[in-house]
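Next, two complexes with chain A in common: one pairs it with chain B, the other with chain C.
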Partner chain A sequence: MRQRSLIAITAALAAGALTLTACGSRDEGGSSDTGSGTTVVIGVDAPLTGDLSAMGLGIKNSADLAAKTANKDKYVEGITFKIEALDDQAQPSSGQQNATTFVADKDVLGVVGPLNSSVAESMQKVFDDAGLVEVSPANTGPTLTQGADWQTKKVRTYKSYFRTATTDAVQGPYAAQYVYNDAKKKKVFVIDDKKTYGAGLAATFTDEFEKLGGEVVGTEHIDPETKDFSAVATKVKNSGADVVYYGGEYPQSGPLTKQLKAAGAKIPVVGGDGMKDDEYINLGGSASTGDLATSVGAPVEELTSAKDFVADYKAEGYKEPYSAYGGYSYDSTWAIIEAVKKIVEDNDGKLPDDARAQITAAMQNVSFDGVTGKVSFDEYGDTTNKQLTVYKVEGGEWKAVKSGTYTG
Partner chain B sequence: MHELPQQLVNGLLLGSMYGLVAIGYTMVYGIVQLINFAHGEIFMLGGFGAITVYLYVLPDGTTLWVALPLMLVGGIIVAVLAAVGAERLAYRPLRTAPRLAPLITAIGLSLALQQAVWAWYPDAKESINFPQIDGGPFEIGNVTIQTGDIFLLVAAPISMAILAYFVMKTRTGRGMQATAQDPDTAKLMGINTDRIIVVAFALGAAFAAVGAVAYGLKYGQVQFRMGFILGLKAFTAAVLGGIGNIYGAMLGGVVLGLAEALSTAYIADIPGMEQFGSQSWANVWAFVLLILVLLLRPQGLLGERVADRA
Partner chain C sequence: MSGVGPVEPGEGTRAWDAPQADAVPAPEPSHGRLALVHARHRRAVFAASAAVVALAGGGYLYATRPEPPAPPAPPYPSQVLGVHYLGPATAPAGTPRGSFGFEVELSVQAGPPVTITRLTQPYAGLTLRTDPHIPVTVTSDTPRKIAITMRVTDCEKVPENAGLPFLDVTLRNTRAIEAHSFILGERYARNLNDALQVACSNDFTSSPKA
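So, the complex of A and B:
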């Protein structure tokens, strides 16, 4: 009896699923022609809920601003851009589902995102198989563009993947040089969260720091799901380190810096761009004062090219701040818009049938002056802009202390 | 080894918090044999109840010494209402259903409560700052104790004492014991078992709220996901101590907390074990300990009931 009802339920579920699939495939009819012209959808994938939503919502809003600006200026004749944002909750599995959703929607001609390198790993192949271009404003893991053996033999893995953010291969060493040469700290305790981004950053930092002559007095990997770092804090305190390097993001490093200083380890915490968010200062409180973070590019507020972006962002009245990757998200979106413009102009003002493939090809040669400086991509899909900035928490906000490029 | 006292204190504090939450799991299980997976969210709601009192009820700038007791009351009220509501609306209709039905209901309720707070509580999409007790850390020998932890150090033993008194000495408490032993006979003896069950849910929720205020003071924030992992840990603590036994819940919590702190601190020092010693492995060691305990004592550290009715 029980088995028979199981079969019945399974059959009902299967029937339901099939019906739903049928519904889904009905509206995949190609770019929808509205009265005034063609609508092109640019997908956005970022964590819109959960711990990292502060950064994710900044990405979404900035992409939205780029699309609105292009529409207002009629930047591409006959094309209206629309943003469609999906939430990946910083989970690779959700990211992959979103990627599949975007691929299935024929109106989507490019995707901005994701925030996390680990999520990007799960999405790249889905996009590449569909020939759909993906431009990440925030991924910094070197393997995403240069392959697993990037240190010895660089090989581009996915033709459809581009990014406007600098890689950890540059960011970690740049932080090491600053800590060793400028901040004069020689004994480091390295902590990471074992995720693609955090562990990668910690590894490139450690290599360079040891090369410079610094000493790693301890390493620790934390569980990003917990908030209790008291046992780790005690270890750091007793290790004699004069600086902590953290590879990971602000939801963990904020409480970490607080608990470190409370335990008596009054030494600065240094991290990467995943830490450079106002929420870090909010979580860490006064304990975060003096902590450092590197971030990709020159500070958005100081670039003349970014003045318009900051002003427009304010004028649109978005509820959330543009956060660490706002400028890069705007530029990522704009790169897709530029590519669309190129193929539309080459095709007598109409969208070609194989738009996705043509956009991916056009992306390689996109070049324009964006919010964060000159935007163009090298042979791996990485940005040619290798600018980095060190920020320090002073008086409750991130202040830029040094900008430069890593020269090896 | 000079950091041992500090690590013991770290573990004890973490474990006391697990213990406060574990009481709710163990009491409800002891009486209705339900693993109330929504209890982690009851804990979370306790934290949000307390912060609501601080942010929206009290005038700005109230000193924490005045605010804290009121926040505690607010947290307890919200948690108890949620737990009693859950019992009345979600669990009671399923009292006679197969055991899996209420279990799955509990998991669903847990997700629903989490998302409800995320969606409707103002600014809950990010962590909300919890007020902090001023004053520097206290140094006793080479042990540092944070001001925020003092609440936990005081509240955990007091809560435990109150609970023990209640269960052992009061009429309702004895009714609870009777219902746990045999609900049908207890009913025949004139005990209102429905009421006893509500009391068990309410008490568990109250202790979870105390734990949530301790969490807020210790980590300086509350967030909508705070109950998920902590709830799982507390459930583990309840099983470790012997589910159904209230002292076991506290003991299990403390043992679990100590296991996590000590494994983080010392496993890496064992030759050949460097890569298994970091904090990300602490959960693994905690569960290894759980499995060992359950192999040797399937009923848990203080568990008594051998013939489980489940």
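So, the complex of A and C:
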């Protein structure tokens, strides 16, 4: 009896093993057929060259990963997604040209990007006139979704514009609260680069810092085309400030912190998401130690939902890191994929003739668990997932020190 | 006999090669017995051999099978806890002047229970206490309402008109312990600022601890 049982178990195991082996073989053999059906192009606009390319390439690669994942999983039956990326060089004029190019290509049914709020301003109308949906993973300027008078009367201007990054309406005040209450800094020198993002962020920071009781002991605007900040550094040193707030991006703030410390102003520089990149530390060197930056979202590495993204990004072998906006770019791309899926399934498995318009309409109701958490949009096109993290430069890298969630 | 001489012995025909009739048969080597057994029980032996091979193969495949994916780690507590502002509430009877109250609701979207081990606000001129007292544990199926009473201790050290005030919360679940801020939004900011203005009105600032 025992012998028979043994033989039966062995046979079962062997049969099971053979079955598993057969299954594995079948999977490997049938995964390459993605050429049939309809190809949907998702445009990506970001700075792929120049000072901000570290962030831009992370956006592009992450969008590419989302498209590949959807294709591999055949997430939308009969649809193959393809990424076409254009370089805006962080210039509004280039962004507008790219927007026109995307609009002219009938296969483009959605666009991810851009990085810069100033670039977005130049693209929004072009996309909106064409009914082509745009989902930015990185724009934080409040006016893009809530209008010029967003502090007193929020008005959505463009129905085709969405974003997965939270806004400076939250980021600036959150930074001010941290600097004033946690870092115990009471006198700030505020510097910005005069651009939409930098000036806007500096303004929201300043407003909250003063409300809290902090004092602005000096303000200065810099020219983002230069890297000599010695005159500003001297002003900061003589101002009696115990902290500097910079509204702008790392190509300028990296050299700025170096020159501030060299001038004898041994005080931390604080900035926003445009500063939170490893390149800031490379540019600032040891002078960047102790500096702070807020960035959108919780640290991607700490999100359970981001585990697959981090592993898949590594497996794809992209040369550049996903940077600050990788997870948001993946989610922006996936939001477009979800919208495409919705309209295809509602149209008997085919793209409707007015696909662009339907995708824009469907985007408003998109909701899914993304890399960065729950992805959905409010009535202005802003993300409903509003998290922020304060990072500090310690030991040559950014380390998360505090995170916050906007639940209002 | 034919008179023909004896034939030269050929290979294998030598007389000593032939067994003698009266000779005792040499004992068979031991493997011969096994062979005999093999012959008698060939089918059973074959089946046993096949079973051993299959068992070894199956065991190998079983041992080297792909590991089933580990169960997903619980989410970080800050990713599943919601703190939602409900509105102003009457401060408990007997609280000192300069006190005011409001309520928040704590909820857990998914995963294991989350325990709030610390709940504070960031301003030096304010103190805070809760009902129920901290620590408070929240499960995914039952939101909990928390009454918060704040008291102004120094009007010089409270914000005049904070735009996005928040609560600092220390959270714990089976995954991690985290410090996290919850920014409760514009309505909380408005109500807090109103309450602070009342608390720090002229009558009050002269004796904030009355």
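As a convention for this text, the second predicted complex is superposed on the first by the 370 of 408 C-alpha atoms of A that agree within 3 Å, B and C clash if a C-alpha of one lies under 4 Å from a C-alpha of the other, contacts with A are read in each partner's own complex, and residues count from 1 in each chain.
By our rule, a residue touches a chain if its C-beta (ideal position, glycine included) is under 8 Å from a C-beta of that chain, and two chains touch if they have at least 3 such contacts.
Please read all numbers here as calculations on a predicted model, not as lab measurements.
Judged by the touch definition given at the top, the superposed model places A:279 against chain B, while chain C stays out of reach.
Contacts of A:258 after superposition on the shared chain: chain B is touched, whereas chain C is not. In the superposition on chain A, A:347 makes contact with neither chain B nor chain C.
With both structures placed on the common chain, the touch criterion links A:225 to chain B but leaves chain C unconnected. In the superposition on chain A, contact of A:170 is made with chain C only, not with chain B. Shared-chain residue A:212: touches chain C; no touch with chain B. Contact with neither chain B nor chain C is seen for A:384 once the two complexes are overlaid on the shared chain. When both complexes are overlaid on chain A, the residue A:194 reaches chain B alone and has no touch with chain C.
On chain A, the patch touched by chain B and the patch touched by chain C do not overlap at any residue.
Chain contact summary for the complex, chain B toward chain A: residues 2-3, 6-7, 10-11, 13-14, 118, 125-127, 129, 132, 137, 144, 146, 219-221, 223, 225-226, 229, 260-262, 264-265, 278-283.
Residues of chain C touching chain A in their complex: 47-48, 51, 54-55, 57-59, 61-62, 65, 72-76, 78-79, 82-85, 122-123, 157, 159-166, 178-188. Residues 3, 6-7, 10-11, 13-14, 16-17, 20-21, 170, 173-174, 177, 181-182, 207-208, 211-213, 298, 302-305, 373, 386, 402-408 of chain A are the ones touching chain C in the complex. Every residue of chain A that touches chain B in the complex is listed here, in rising order: 49-51, 53-54, 193-194, 219-223, 225-232, 234-235, 237-238, 251, 255, 258-259, 262-264, 279, 282-283, 285.
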